[in-house]
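Just passing along the structure, written as structure tokens.
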Amino acid sequence: MIKSLNTEDTLENAGLTDEEQQLFSNARPQAYEPYPIKAVEDFANWARANSLWILAFGTGCGAIELRPLMTARFDASRFGVAGRPTPRQSSVFVIGGYASVKTLKRIIRSYEQMQGPKFIICLGICPVNGGMYFDSYNTVNQFDQYLPVDLYITGCMPRPEVLVAGIMELQKKIKAGECNGANRYVENFDWYKANQKKVIKNWDMPDYNW
Amino acid sequence: MIIEDFDFWLGKAGYFSLTLLIVTFYGLLVGAFIDRTIAKVQGRIGIPYRQPFINILKNFFKRTAISHGVMFYLGPVFRIAGGIGTLAFIPVLYGSEMFSNFSMAGDLFLVIYFMFFGQLGMALGAGESGHPYAAIGIARGLSQMTAYEVPFVLAVISIVIQYDTLSITQIVAAQQGGWQNWTVVTNWVATLAAMLAFLGMMGYSPFDIFLAPQEIPIGPPTEFHSAYLGLMQLNRALFGATKLVLFMNLFFGGATSWPELMIKTLLIYMVAIVVGVAFPRFRVDQGIRFFFKIPTLIGIMSIVYVQMMLVA
Amino acid sequence: MNMLTDFPISLIVLCSGLCLILLGLWGMLTQRNLIRIIIGFSLMDTGIHMVMVSIGYVTGGTAPIINDAVAMNEAVNRVVDPVPSALVLTAIVIGLGVTAVMLSFAVRIHKTRKTLMIDKLTESKW
Amino acid sequence: MVVTNTIIDVLLQPLGIYVLALGAGFLIPLFYRVRRGSGVLVFFAALAAMAVIAGLNLLAIINGAPAIDIETAGIKPPFSINLRFGLLEGGFVLAVNTVALLGAWHYLPRLKQQAASLLLYLILVMGINGMVMTRDLFNLFIFIEITSIATYALIGMGRSDNVLAAGFKYVMATSIASAFFLLGTIFLYYQTGTLNIDDIIMNRDLIEGPIGLIATLFLLTSLLVELKPYPANGWGLDVYETADSGIASLISVGVSAGVFFALYKLLPLMDNYLTSIALIGGLTFLISNLIGLKQENTKRLLGYSSIGQMGLLTLAVALLKQTDADAHLPLIVGGLFVNHLFAKAGLFWLAGIVNRKCIGEWSSGVKRSEVLLLGVLITALVGLPPFPGFWAKWELVMLLAGNELFGWIALILIGSLLEAAYLFRWFSYARQQDSEQPDDAPAEASFSFMQIMPVTIAALLLFITGYGMAKTMHVASPEVFLPLVAGFAMWLIDRSHGRLKNLPMLAAVAVGGYLLTNDLEGINRLFSYLLVGGGILVSIAAMYRNDNRRGFYPLLTVLLLSLATLLRAQTSLEFFFSWELMTLSSYLLVTLGRNGVKPALTYLLFSLASAYFILAGFSVAYGATGSLLLADLGNSGDSVAIIFSLLAAGFIIKMGGFGVHIWLPGAYAESDDDFTAILSAVVSKAGIFGLFIIAAHLGVRSDIGLDPGYVLGWIGILTATFGALMAVFQEDIKRLVAYSSMGQLGYIVTGMALMSHLGWVSAMYITVNHFLFKGILFLSIAGVILRTNERLMYKMGGLIKNMPFTFTFVMIAIIAMSGVPPLSGYGGKWMLFNALMEKQWYWITAFAFFSSAVAFLYMFRLLQTVFLGQRKLEHAEIREAPMILLLPQMVMIVGIMVISAYPKLLIDPLSAAIDPWIANTLVWQGTALHAHFGHWNAPMIMAVVAGVFMIPLILLSLFALSMKIQKVEQFNIVYAAERPRRPEETHFAYKFFAHYDRAIGFTVRPRATAFWNSVVEWSHSAGASLRIFYNGNGQTYALFVIMYFVGLFLFNGGLAL
């Protein structure tokens, strides 16, 4: 159903000027239920697991590890992995190592523009605890404070093999129906948003980037 | 008039949906095959054969989506309707009433013009998404279309002169009785021009600037996702296969059975692929100029050639 | 020798009339001063009048009065044609009028423009 | 009692004119002494009486009385002066006296300052009368001199400070001329022994030898010089420029008329010189109009124009003599003369009232009424219907064609075009301020009433005489004049405000259109549905504007009804009349646009050029067949090809063909938005109709070699291709659609050129479609412009959310235009291509394909940049277009849908209407149309497309049920992880096809425009270099006068002596 904006649960989009308000949707994201029929849901999960489209957005030093995935040596396309240049069409977001505040803002925007079900893989140690940038002034230490993470691949820096292993791990989790980060994000939307706004000072986006 | 011969329509519709299923399935399969071929060229294994199907299913199984408006919603519908309709007006198998589809409704002109139907609708949908890249992509795609239409049309005119008909069925009929009667043999100049236009039509490198993945994130479909994207992927398979069938009918003697059709179309497809993997991408104005030079010349020559041939 | 037969007076008048016309034209075309141009015009006018008179003249003819001096029957040969003379009178009057108008123009031009040089009067052209 | 009666009888004789003049001349000073007013009274009484006398006597003669011969001094001519008052004399005298009366009214403020001027004026008029009437050579000289002296004196009274100098030059030149006259007279007398013109003519064989030659040449030179031939006319121009308008008008029309008539009287003596006279007249006409292009000074401009007109008269009379067609003299010479008389005099008076030095200064503070009069007079002067000049020119051209003097026809037409150029440029200046001027208050009208009254009367007289001439040429049937009458009726209610004025207009057009077209059949009937019905349908939308649009509705009435009369025209004259009427009214309608005046001028000039081509074509046909019936065009033997080419050229120009299209974008873009719809959807069809006429009568009837047809086909397809290409690169929405309709017309031309049944059916089918979708497009655009006040597309965008209906209509119209199945456009393309292939025009087929592919570019751009993409902030609030604008569009959408589903409904009548010309070749199998190559089953296509559209729609909707689809706003787009800042920078619209421009833009650089600009440049510099003779020095002018004689002398056998 095409759902028009209903007024009660809307976001105030404080970051926008008055004339910009009309240009961005102020609807609040909503969680989705699994399909009523179990078999259908399993089948859907199987399909999702076997067609992982990674957003081509290198967000840190780990971005360099993504490239070899598609090359002859690792050839992740065997597992249905493909790169996708637009978040609308991609289902997996690989956070390539540390996320500086400036990048975090873009990450959030891109993540919110992806269509659920969508998954986040965190690459390297930095998203876990800040790693070597633990006391940096402009990188976030715990990434899952800001966006729901479905899978961590630690190490500094994990090699592509590990990345492939992680992808297969993600596939298992998806098939098991355990990857519902998107819904978690929606359910704890205000908490996440508060954290995000705490670090991102110049918040000139709508609260949720549809 | 639709009421009086209802059973005729029912039968036609039934047969056509069968054709539709076969061609779509085949198109997806060929897509995978081509992808694997390219992978082999690059020393990879490549995607499994089921991958295209899974991708489409995955997209249909998405649970959230956005809509920019009615045209955005209808865009993909237009697109695939264009694909299905084009197939509907082409007789797929020669000599089989079953798979001649609705070719009695119109002739070659109808097919050529109906190809625009999907592009136009898609363009409108992408336009309403409000994404500048979409508009840029369409602008490029349309411009390139006007360019490769020229050699293609010249070739078409040439073979229409040659066979003195516009009906695809009769064009195919005229090529029966062995490979020496195929257009590619009898009128190789026209075929050459048409195959050059074919490169542009299939949108593989070097003529894939209008959906340049890195520069303008895949152009027109930038904003499309979920089920919209599913429809469009279906159409890409279906429409690609349809174009192949058309070229097969016009230049390679058509097909009397499905296996023949599949082999021929696959071979035709390989032309675009081989060129695609071998050549870098043209800038759009380079592409346009390319089509206006050599291919157009060949097309003109094809008409002259066929006239001389008829005189002789 | 007989002046009247060999060298008719009318010819002299005619020639001098034509000369006067040319002279007048020359004056009108070459003289820059309006007054001189007007003089040129009246010279030309006079020349024309002389030509007219000379045209009507019959050599050795008398005045066109039908009396015992001239018999009715030979009047045509012996009488000077009166019509040109009549015409000349009118022509003179008209010439006078034109000359007067020209002079008045000249006077007023001199009043307003303080010049009589015709080549100073070329504002309206093209 | 008896005595008074006899006195009155005497006075009512033509001689009374002189009696009155002289008598009043004596009385005026007397009364003037007593009371100024009474003197003026006498003056007017005398003038009026002169006019009345002339009128009464003329009436008597027209009613069959013999020509009046007045003998003086009680002796029979040749021994006494005698005057003659025949038909021609009467006409001239009456006209001159009427103008003199009106002129006196206009000039009164100056005249009444001194008794002398009143007197002089009277004498002047009397002198002119004498010049016309007298039959005595010397008496003629006297009258010339009387007139001249009076003229000198009146000139001298002028206000401007250069007038004296100019007057002196005038005196110099004319005095030399009259000296020549005197010499000529006396030499003639010397040879013939008489002064009576009739006698001289009777025994003209006495005139021989050098003296005879010189005598006649003297007379000829002086009369010609008095008519101010090029280049010996600088003195005249100076006087026109500097003298008061009242005097200048009298010199221009009155004195010239007298001298002209004198020339006509003496013409029997000039038999050997007719060619040189005609040449002089022609050159004067051509060159003075050429120089007029460069002229800025109002009165000097009029001077050039009147010199040109006199040249035309001279040319006409000489040629008529040469072809001894004296029977046509009253119609042609009289017509031209009356036209020039009233129009030129009126213009001079108007110039005097408005009193601006340069025509450029007319663009401010000129009252509406004055502009109106200016328009009327200029129209008359250029020779457009319904004024006498039009009929006279037509008759003249036809006569020349009858004698195969085509060179002269060309000269006349070119000269007229040049004259139209500068006169209408003047009108454009005057027209410009009219638009922003508020609706004039009645006060202003009343105070200028007395002033403009004479001008108004002159204009009315022009109308009346025009109608009279139409009557004598047997075309004054009520049908032909219905447009004008209806337009006049609308003009009466033009002052009323509001949109409701549209309703009477529609009613008038509906009724009139029905009356005019209900008895047509065949193709004309189909066209009548299209032009009249379609015109009404589109003009309903005009109600969307509520301001009172001065002049819009009357002109629209004239336009639409003249289209109707065009359809019912039987003879080429009726056709041409309606054609010119249509041209004129559409031009004026274009000038009503926001800044439509300049482009309108271009439009008018090209339209006139096309009209003259058509006229030339008709004249050649008349020369070949001797019949004016359109039906007889075909019988014109071997000159068919040239006729076809001329007429086709005319219609192609009118349709904006390739190379002569440059008027089209401007005229379409700058005229009112709703009128653009009419222009493109309806008026452009007139050209197609004309093309059909010639294709039917010439192309098929007498089947000429295909060559003209083939060329026409190429022109059409090049028009289509380049129209499409140029449309691609436009930023202005109206220009885009204008170019697009140029392209569409190109297809139609090609279809017509095919000369085959299928080709014509396709052409007509495309015509109907073009009406439908161009009507929709331009009306939608009118709505968009109304709401956004923008015409540049990149300043719009995203309007689909505000104007969904408009968007839908535009989309359907564009799909129909692009020829994408299943909508109606495909049928046209299909038939056209099949016809082309059958004709084996393969290259044209390829071009047609290419242009229809290119068409996609601009069509998509129109939708994308206006309705899709990013909406501007300031457009957030705008509403859907008004209902009255959408209504006609809905009707047309229904039309498109019906035609798309069942083209048989349209094609059958078309094919039936074409059948009488070309046998039907269409084969129907049920609903399927079969041509030689292909087949086309529209209903089935419709059904299949509907079906295949349903499948994915249902599929998508099913899956949509299982999703949460969020309706988002315009900035919720993927933007490389950034957010858009402003719609302006997010909306990709400006230079939409820059890459295409880089690829093949070089093909559409404005070469045609450059070419025509250079043509303008060249003609201007030619004019500039031709006017260097006018150095303003009186002596040079005098020299020219003498040189003229010498030239004539040498040209006419002087060398032989």
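We call the chains A, B, C and D, going by the order they appear; numbering starts again at 1 in every chain.
Definition applied: a residue touches a chain if its C-beta (ideal position, glycine included) is under 8 Å from a C-beta of that chain, and two chains touch if they have at least 3 such contacts.
Every value quoted in this text rests on a predicted model; they were computed, and no experiment measured them.
S.K.: Between A-D and A-B, flag the pair that has more C-beta pairs in contact.
M.R.: A-B
S.K.: Using CA atoms only, can you tell me which chain is the most central one in this structure?
M.R.: Located nearest the centre of all protein C-alpha atoms is chain D.
S.K.: How big is the gap, in whole Å, between where the Cα atoms of subunit A centre and where those of subunit D centre?
M.R.: 72
S.K.: Using mean CA coordinates as chain centres, what's the subunit A-subunit B distance in Å?
M.R.: Taking the average C-alpha coordinate of subunit A and of subunit B, the gap between them is 36 Å.
S.K.: Please report how many Å separate the Cα centroid of subunit B from that of subunit C, as a whole number.
M.R.: Subunit B and subunit C have C-alpha centres separated by 101 Å.
S.K.: Can you compute the centre-to-centre distance for subunit A and subunit C, using the mean CA position of each chain? Integer Å is fine.
M.R.: 117
S.K.: Residue numbers in subunit B touching 2 or more other chains?
M.R.: Within subunit B, the residues that touch at least two other chains are 62-67, 73, 217, 222-223, 226.
S.K.: Could you check subunit C for residues that touch two or more other chains and list them?
M.R.: In subunit C, no residue touches two or more other chains.
S.K.: Two or more other chains touching the same residue: where does that happen in subunit D?
M.R.: Only 960, 962, 964-968, 970-972, 974 qualify.
S.K.: Pull out all the chain pairs that touch, please.
M.R.: A-B, A-D, B-D, C-D
S.K.: Spell out the part of subunit A that touches subunit D in their complex, as residue ranges.
M.R.: Spelled out, the residues of subunit A in touch with subunit D are 1-5, 19-20, 22-25, 27, 30, 32, 35, 57, 86-88, 106-107, 109-110, 113, 204-206, 209-210.
S.K.: Once bound in the complex, which stretches of subunit D touch subunit C?
M.R.: Residue positions touching the partner: 138, 142, 145, 148-149, 152-153, 156, 161-162, 164-169, 171-172, 175-176, 179, 182-183, 185-187, 189-190, 195, 234, 237-238, 241-242, 294-295, 300, 1027, 1030-1035, 1038-1039, 1042.
S.K.: Which residues of subunit B touch subunit A in the complex?
M.R.: 35, 39, 42-48, 50-51, 54-55, 57-58, 61-67, 73, 213-214, 217-218, 221-226, 229
S.K.: Would you mind writing out the residues of subunit B in touch with subunit D in their complex?
M.R.: That would be residues 1-2, 9, 13, 60, 62-69, 71, 73-74, 76-78, 80-81, 84-85, 88-89, 102, 104-110, 113-114, 116-117, 120, 123-124, 127-132, 135-136, 138-140, 142-143, 145-147, 149-150, 153-154, 157, 160-161, 164-167, 217, 222-223, 226-228, 230-231, 283-285, 288-289, 292, 299, 303 of subunit B.
S.K.: For the complex, which residues does subunit A have touching subunit B?
M.R.: 2, 29, 32, 43-44, 47-48, 50-51, 56, 71-72, 75, 77-78, 80, 85-86, 88-89, 91, 115-117, 182, 210
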